[in-house]
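What follows is chain A paired twice: with chain B in the first complex and chain C in the second.
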Partner chain A sequence: MSDYAIEADGLRRSYRSRTGWLRPQTTVVDAVRGVTFAVGRGELFGLLGPNGAGKTTTIKMLNTLLIPTAGTARVLGHDVVRETREVRKRIGYVFGGDRGLYERLSALDNLRYFAELYGVPAREQKARIGELLELVGLTGREGERVEGYSRGMRQRLHIARGLLHRPEVLFLDEPSIGVDPVAARDLRKTVADLAAGGTTVLLTTHYMAEADELCDRIAVIAGGELRALGTPTELKRHADGRRVVEVEAYGVAPGTVELLQALPGVRGVQIEESGAAQLLTVQSESDVDVQSDVLAALNGVRLGRVSARQPTLEDAYVAIVSGDGGPARESLVAA
Partner chain B sequence: MRTLRMLWIGTIMQVKMSSRGTFEIATAMIMPIVQATVAVYLLRAADSPHRMIEAAVGAGLMGVWSTVLFGSGGAIQRQRFMGTLEMLMLAPRNPAGTILPITIATGLTGTYAMIATLGWGWLVYGIRPEFAHPWLFLAAVPACVLGLGMFGLLLASTFVLMRNANALCNTLEYPIWLLSGMLVPITVLPAWTGPLADILPTTWGARAVHEATSGGAVWPAIAWCLGISVACFALGALSMTYVERRARTAATLALA
Partner chain C sequence: MRLLTIGGVISYRALFNWATPAMFIGTLLVGPVFQLLFFAYLGRQLGVADDGFYIVGNAVLAASALCLFGGSMAVLNERRFGTLGHVLLSPRSRTLTWIGRALPYAGNGLLVAAFTLVMGKLLLGLPIPAGAWPGLAATLASAALACAAFGLVLGAFALRFRDAWLINNTTVTLMVLFSGTNVPRESLPGWMQAAGNFIPVTHAASAARSLVHGASFGSVAPRIGQELLIGAAYAVLAGVLLKVFEAESRRRASLDTL
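Right after this comes the complex of A and B.
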């Protein structure tokens, strides 16, 4: 038996699309470009990356929905291309968003249908469905049609569906996307409990706090390549030797980010819309105080809160994804 | 036993879903009236009023085929849109087993199309449902629906592979009506269409229903229909396994 629950070795995936009839043009997009990592049994492993980084494609190759263009992958020792059914018996797949459920059926009917499809023995189905409805907090609402469910309720139903056949490996693809903070906290607790119970979890997410709180190890993927891999503490070292200034501003002019980027000592600038305000996050060398230069560059812009702080996992993530993750990057990937 | 149970539950769920869609209900209500009207006026124009019951039955068969064709294609397209096609394919089952409930469910809806067409024909045009072999008619219709359903399974494999399966549905609707002799006898078609018609389960299913309506040898047609249906099922199951793999390579199980 393999020591690893998931093994990916040089996974690649390209998408081909053809347009036009008379002069057809084929476009090839390399979504994943040779990703290698291994996840131990019972580990909670995070896959982080920006939109279009290749996270979902990687998950879909591991859970048998896509065949890799090159490379190999094994789940619990079974090859995902040749031993598809063996892999499928042992995995659960949950993804975020509104789709993936039968809207016109009740939650109970959805679970009954998938219990049959996933081979849950008939005599166990009722108890198992009841147990899962209780786990995800949908007891009493199971008779209602899914089309009337909120995003959070759908997400909880997704999780119940993914756990019906007691999978040994659970793939969670951005499960907390669009979920309110309370529901997201409940979801994190459920995921942590599952991992504590011995289920191997591969989680993709955009939320750094979520990854920091839950994951034993995290892989950062960007542009289809693995940029870093390590524990959250190890990844935070990518932002070592930096300081962070956050400025709340109103009406930042186009081109300001480039202006700030050009200031001496600045390593990275991020701008994020937050209602009427914009939150500027400026990372700099730790021995250079850029705050006064930043405020001078924002002259004429109405400012709110200004603060300096130590770097977080999010700052490390930005540093890694923007390709400015420092010399430790290669050593962490190899770890 | 577990497979039969899965097919049974799957079919119930698929029928439940179809019966709760406004578009599906409206189509199921309106189409049989349209089919019955077209058939009746066609035969009236041909000055064959004595063949009205054949017209109603032929229209019913057209309705069954349209329901199975668009039901299977539409249902798979809908599953793709809802993101459930991936979840179906992810089940540790033979892919044909997960798709079969969809085609069985559309076949059942197709049976309704036949009943509704005959009903509207009686109510609106006064065509009394009098059959030469009433009991054999009751055997011929399920055999025909089964034949169409299995043919639907064969087609469903292409629907799984192609994102724009609806285009294929539109292309296949009228040729199969004609080739199978659902409304117009096959004898009026060019000779080269004969072999094509002979290998379609729809031809034999339609013949069985017509023979039961107007008198003739029903059982041979039913036997041919069921035989070709079994072949379609075997071919559909094989093709579905191949297509599932192709769809995973081409990434067509999801919308994009």
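Right after this comes the complex of A and C.
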């Protein structure tokens, strides 16, 4: 038996797609370009990365839905290409999104059918389904057809389905998408409990706080390549030697971001709308105090709260995926 | 076993577009009866064949179209709902899963064929010997099974090709033509007659006609056997194709594109 629950070794996957009908053209997208990592048994492992980074593709290779173009992967010691049945018996897959459910059936019937497909013994099915409906908070509405479900309700049903057969390894691809804050907190607790109970979890999410709270280790993937791998604390070091200034502003002129970006010492600028205001996040090197320069550049703009803070996982993430983060790259940039 | 039966019934409700009372009655019960009347009156007008020919032919055909589309929807609609990936993650026997899906359509087809036959008898007054009914039931059942298996073959193509409805509709039309349900087979060109031997419905329709004309069950049994054999062959073909196309979808990532 292998020591690891999930082992990915040099995984690659490219997609071919055809466009055009009269003159068909084939385009090849290299979605995953050689990803290697290992997840221990009972570990809660996060996979972060921008849209199109290759997270879902990686998960689909690990859960047997896609065959890698190159590289190998094993789940609980079973090869994902050759021993599909062994792998499938032991994994659960929750995929974020509206689709993937039988619209014309009730939640209960959806779960019944998948309980059958996923090999839940007949005499346990009823109790198990009841338990899961309770867990995801759908009790009382299980008789309604899924077509009338809200987005979050669908997502809860997705989660219940993924857990039906008590999988040893759980792939959660954006499980909290569309779920309200209270339910998201319940979900985080559920995931943490599962991991505490020995289930290995591979989670992707775009919510940094969620990843920070839950994950034992995190891999950041961008452009199909692994950019960083470590515990949340380790990853935050990628933003070490940085200072973050947040400025609340009203009516920032277009082009301001570029202006701020060009200031000496500034390493990254983000702008985010929040109601009537815009929130500017300026990351800078720690030995340069850019605050006064930033405020000068924003001359004439009405400002709200201005604050300096310690870098978070989100800052580290931004540093990593924007490609200039990390001690390893630092010298390159400076040179 | 539960996967075959309960799983089959749930999936039928999930995937069959016509599993609502209105659609069921309209498309599956009333529709075929009118089609039957259309052909029967046309036949009377042209003097090509008698009522019995059309009544029996269309009863068998009513079952076949349903089973064919049903088998195909059993796979095609998975793609529409985006559920195919979740189904393919099942570690259980694919054969049971897919056959379980085809069976309810066969049962449904049998029901529809029987209804059409009875309506034809009532509306057009076809005398059917009382002793012929058990044989007719067996014949219609064989046709329904064979068609459901054939439907799964079409369903398998739905895994691979986007334009599954094009294939379905063309197939049904060809089936009506080749099987001789509405055109006496003797009047077809030789190659069409030959093709008819290898598709569902042909042998069952011919057996049912003989029964209505008073033939004994023993004399039509070989034809029922042929129909079942054809059904079994298509079931095997469906199994192989589903396996091949599933493997291919893992390689080409063709599952989530529609």
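Quick note on the criterion: the second predicted complex is superposed on the first by the 325 of 335 C-alpha atoms of A that agree within 3 Å, B and C clash if a C-alpha of one lies under 4 Å from a C-alpha of the other, contacts with A are read in each partner's own complex, and residues count from 1 in each chain.
Methods note: a contact is a pair of C-beta atoms (placed from the backbone, for glycine too) under 8 Å apart; a residue touches a chain by one contact, two chains touch by 3 or more.
Keep in mind the model is a prediction, meaning the values are calculated, not measured.
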{"item": "Superposed partners chain B and chain C on chain A - clash or fit", "value": "clash"}
{"item": "Touching partner for A:Y113 - first (chain B), second (chain C), both, neither", "value": "both"}
{"item": "Touched partner set for A:Y250, first chain B, second chain C, both or neither", "value": "neither"}
{"item": "Which of chain B and chain C A:L101 touches, first, second, both or neither", "value": "both"}
{"item": "Touched partner set for A:A122, first chain B, second chain C, both or neither", "value": "both"}
{"item": "Touching both chain B and chain C, residues of chain A", "value": "15, 63-67, 85, 88-89, 93, 95, 97, 99-105, 109, 112-114, 116-119, 122, 161"}
{"item": "Partner chain B, residues of chain A touching it in the complex", "value": "15, 63-67, 85, 88-89, 93, 95, 97, 99-105, 109, 112-114, 116-119, 122, 161"}
{"item": "For the chain A and chain C complex, residues of the former touching the latter", "value": "15-16, 63-67, 85, 88-89, 91, 93, 95, 97, 99-105, 109-110, 112-114, 116-119, 122, 161"}
{"item": "Residue ranges of chain B in contact with chain A within the complex", "value": "2, 5-6, 9-10, 13, 16-17, 20-21, 82-84, 86-93, 98, 245, 248-249, 251, 253-254"}
{"item": "Interface residues, chain C side, partner chain A - complex", "value": "2-3, 6-7, 10-11, 13-15, 19, 81-83, 85-92, 97, 250-253, 255"}
